[in-house]
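Below: one structure in structure tokens.
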Amino acid sequence: MLGPRVWSSVRQGLSRGLFRTVGAWASGEGKKVDIAGIYPPVTTPFTATAEVDYEKLEENLHKLGTFPFRGFVVQGSNGEFPFLTSSERLEVVSRVRQAMPKDKLLLAGSGCESTQATVEMTVSMAQVGADAAMVVTPCYYHGRMSSAALIHHYTKVADLSPIPVVLYSVPANTGLDLPVDAVVTLSQHPNIVGIKDSGGDVTRIGLIVHKTRRQDFQVLAGSAGFLLASYAVGAVGGVCALANVLGAQVCQLERLCLTGQWEDAQKLQHRLIEPNTAVTRRFGIPGLKKTMDWFGYYGGPCRAPLQELSPSQEEALRLDFTSNGWL
Amino acid sequence: MLGPRVWSSVRQGLSRGLFRTVGAWASGEGKKVDIAGIYPPVTTPFTATAEVDYEKLEENLHKLGTFPFRGFVVQGSNGEFPFLTSSERLEVVSRVRQAMPKDKLLLAGSGCESTQATVEMTVSMAQVGADAAMVVTPCYYHGRMSSAALIHHYTKVADLSPIPVVLYSVPANTGLDLPVDAVVTLSQHPNIVGIKDSGGDVTRIGLIVHKTRRQDFQVLAGSAGFLLASYAVGAVGGVCALANVLGAQVCQLERLCLTGQWEDAQKLQHRLIEPNTAVTRRFGIPGLKKTMDWFGYYGGPCRAPLQELSPSQEEALRLDFTSNGWL
Amino acid sequence: MLGPRVWSSVRQGLSRGLFRTVGAWASGEGKKVDIAGIYPPVTTPFTATAEVDYEKLEENLHKLGTFPFRGFVVQGSNGEFPFLTSSERLEVVSRVRQAMPKDKLLLAGSGCESTQATVEMTVSMAQVGADAAMVVTPCYYHGRMSSAALIHHYTKVADLSPIPVVLYSVPANTGLDLPVDAVVTLSQHPNIVGIKDSGGDVTRIGLIVHKTRRQDFQVLAGSAGFLLASYAVGAVGGVCALANVLGAQVCQLERLCLTGQWEDAQKLQHRLIEPNTAVTRRFGIPGLKKTMDWFGYYGGPCRAPLQELSPSQEEALRLDFTSNGWL
Amino acid sequence: MLGPRVWSSVRQGLSRGLFRTVGAWASGEGKKVDIAGIYPPVTTPFTATAEVDYEKLEENLHKLGTFPFRGFVVQGSNGEFPFLTSSERLEVVSRVRQAMPKDKLLLAGSGCESTQATVEMTVSMAQVGADAAMVVTPCYYHGRMSSAALIHHYTKVADLSPIPVVLYSVPANTGLDLPVDAVVTLSQHPNIVGIKDSGGDVTRIGLIVHKTRRQDFQVLAGSAGFLLASYAVGAVGGVCALANVLGAQVCQLERLCLTGQWEDAQKLQHRLIEPNTAVTRRFGIPGLKKTMDWFGYYGGPCRAPLQELSPSQEEALRLDFTSNGWL
């Protein structure tokens, strides 16, 4: 997917063992990255002619940079990564790296359908500045994605990745829940540091925390709708689309959970559920981008085939924010 | 379904308005029952020839009566109610009423497929001593069970029930999630006091708590697997199959949540997830009954077509308890 | 479910081996019933106060009796059987027996959730005149309905039934497809003569025909939408809700298929798909009954919780008939 | 995805309107391509080091070229297209073009997630020799793929494609059934000539044939399991994975259907169901490739994360062929 020149350099690096020593884990020091905290999964802004709008991306990042996030997820599902070319994917990550505060983490989505392409994209993401790679499950052949196949896939990626790997399970998009037994096996890999779980099944999240408790392995909730519940069962943070528009509030919810103020946390969590559902399951990325426009960010259009909201959808979206006191 | 004599008396009572005045709500005093707490959904013991074994039922109740439960659910899904005749359903409730401590609540499952049969069963359950009726969604025609249909159904039942009504949503069995908008509408009925939600979607549970916060309406988690998380988002208790075998532990988890000892709660919750899954989704009622045998209760056989566990299933079941330190 | 008197007589009959000798299969002569042909699944008419309207039932039967059906299915899913008491179920079958032409078959739905109740209902159905019992899969615990459990269930029912048994798989209602391997095993039972398959998967229907080809076993399509295709792969008839309103046309489609006039068959089949979907998946029994009103039968209301169609639904229903030239 | 040079030339072509005039449809002559017939969806052979093995591809094509296929589908789901780079996708099509008989059709899968990428890939496929483009539904955001979105997507692609477009619906992989109303609307586009429907719902296939009967629009069954049934309701052919190993038999089934020898057709169809399921749903591409090895073609390994069959899976696969007399 990359140009021949880039890849020949990547491959030379691989063959010379360069990248293998980049990761602290490879030198025998074990896992090091603490991914605990809140991350907005950054959207990719497009111009009216559907080109990536890097300026708007940077502007958004500057605004988002003022919140106490742990870092940024680039090219999670909200980043429209399946609509980007390989070069666009890398360029976006590179620009975010430059625009974001130095002390924050950059988790870059590097998942592709094939193991080989995922390895290559992961290595490239490291080259352009990602601190860790967030790797979505392959999904087109989800009927054949047994635990064995997924363990093989992620092990290969983690073996060859110069940066730590975060597993990423998002059944609403992939039709596939990374099985718990696969997660437990993979948690023992020295270069796999955690999972972003977007399925919303808190029993499962609790079980993963429990069964990986002896590993250096962290769980991030994949949505703000079940953030408090996830903290309650042992998650250490969240990747929350809603943090793109209600960043302060999501960070406040984190703080309330971490300081044990559960009653206030509950009240705040309650008011975030409908807005969160609105910008995720109910209206998707078009809903999230429309809301960003309202909240002072650049949302803008999605790439086709994603469609703009209809006026009545927009109204329903707005109501989910106004009725909870956020607009 | 009942004999002509019983029903003629029920109908006379209905026409004379007898039952209407039984409920406090009917006399204008509003809702009164506080259902907060832990309930085991009692299993129905059968003899080797598949008759209901009322003696074993009473023995089980006496043992369960020693735990600080809020009460007992009779003929939830774990009670094999679809396999009982109407008379058996009533007799079981009647026997439980007699065998259980006086100060505890008896929630009786009275759901049938038709609205009319559900009304009649609910009235009968009240006559044999139920404190509240737990009404599962009709399910055979789940494709036609719109919010409107379900609101109509539950309103009719609650209008005519002499005892408070608890909604019951259990999609794993019914293929149907009682829609949140229907729950919110129904929460305003003076004789509907809460919901038992067994779906395990804690975002949904939080939303229900939030949107019914101005009503006298309580939410019970339908399984021990997400009990802590449910408390964290505002549920007030749980109906937990696991409480039939680990009653002390489930009550301890309740106490830890209610007293804000979240760290200990989390550790305990973690150790309960696998055992809970084993006696519910993984091995069903046959698994629960087998475990009851291990823990000093009478489990015994299920009615056909439910089958006994195979030796290898039994071994896996046992492992889910031993590996978490319960056996 | 039945009164004590009825059951004591049934049980005496069972213990004395009376019913066992009723079935030709039991006397060693093997299977005898040829179920090939078209059947309307008769609806249950109700009065405005939701009582069974036996007069209207008989009137409908008289009209339906003029078509060249092989017989009638009573208490398939379209008969609202889950809303009837046991006595109503039997009384309806008894009335249909009297009202229908002598030379036609009466297939009575006798499925209940428990094996025992299904046996009893099947025996009773035989007593009130059913020629064969159509037994739907138990469904409330569909998560536990393994092939082994279902084979056990149907074997027991067929062993004790005085009349031949027809398997009935209807996943849209039950959430459960009777597994092909279970069907193949059960096809070897001398008292199981066929299956009504409503799932619409014609690959599966072809496979069942293929793998039971050495048995005396027949397959009926469970809907008019895939009737031609089912004939093409070896089915011998259909139980078609649409035959309640377009009886002549469904019988004509049968004739065209049986005489190899596939081109005309195809044209007719095409015009039946939308009307068929309208009275089944799209608008359910309320849609079927509304259409019956239009076509000169008595449709009338359904029992609650099934709801009447809204005006706009009714309009869409009508359009599915008019646009295909049937109204 | 392509190198800059290729794309700049494509884009220049587009802007100069070059490709628009390539298609006969664009010059006002309407649709011309008759796609009726049988197609094997060609697999992509890989070497032991997971490189595309173009020699083996050509050898396979030469063997397949001896059967009376209408043509070849390249990069349907069985072609592992999600695992190929853009250049590989084009190179494979180019090689197939050269290796296959001149008089046969080459349908090239050109679907990508974004509309823009799909347009570009479609144009490129035309450049390397495809006769028509087979365009799978975008799927990662299937929750947002409304009829409107899909109509917009396919219209754009068909507008800009120099070759005719065939819709492609394969819900087992995409989680998305292209809605019938969208198909009907799209059938009116002068450059959309048909659909490959792999869902197996023959009622749906009949309805599509019926509702597009006034258009120049053809339906291909997406699997050999329901090929006869699809012909019976008006399909004109099939894209059948099984034709990669039982090419003569699938073509014979076509002939029997077209000449109205339905009884023989039925017998043959029956014997193809299990082998077909084995190389598709049951064991996927690894099963298909393993079977190709048995039948004298080069199957070879899949790209990761697809895994080889286990010995017991391989045995079950073989049994599905032997028990039906094919091995």
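For clarity, chains are labelled A, B, C and D in written order, and residue numbers in each chain start from 1.
Operating definition for what follows: a residue touches a chain if its C-beta (ideal position, glycine included) is under 8 Å from a C-beta of that chain, and two chains touch if they have at least 3 such contacts.
Owing to the predicted nature of the structure, the values given are computational and were not obtained by experimental measurement.
Colleague: Using C-alpha centroids, which chain lies at the maximum separation from chain B?
Modeller: If we average the C-alpha coordinates per chain, D ends up farthest from chain B.
Colleague: Could you give the separation in Å between the centres of chain A and chain C, each centre being the mean of its C-alpha atoms?
Modeller: Going by mean C-alpha positions, chain A sits 51 Å from chain C.
Colleague: Report the inter-chain centroid distance for chain A and chain D in whole angstrom, where each centroid is the mean of the CA atoms.
Modeller: Computed from C-alpha means, the inter-chain centre distance equals 34 Å.
Colleague: Counting only Cα atoms for the centres, state how far chain A is from chain B in Å.
Modeller: The mean C-alpha positions of chain A and chain B differ by 39 Å.
Colleague: Going by the touch rule set out above, which residues of chain C reach two or more other chains?
Modeller: Correct list: empty.
Colleague: What pattern do the touching chains form: line, ring, star, complete or other?
Modeller: ring
Colleague: Pairwise, which chains touch?
Modeller: Once each pair is checked, the touching ones are A-B, A-D, B-C, C-D.
Colleague: Quick one: which bits of chain B touch chain A in the complex? Just the residue numbers, please.
Modeller: Residue positions touching the partner: 200-203, 206-207, 209-210, 213, 223, 225-226, 228-229, 232-234, 260, 262, 266, 269-271, 273-274, 277.
Colleague: Inside the complex, what are the residues of chain A that reach chain D?
Modeller: 1, 3, 50, 77, 82-83, 85-86, 113-117, 138-146, 148-150, 152-153, 156, 172-175, 281, 284-286, 303-307
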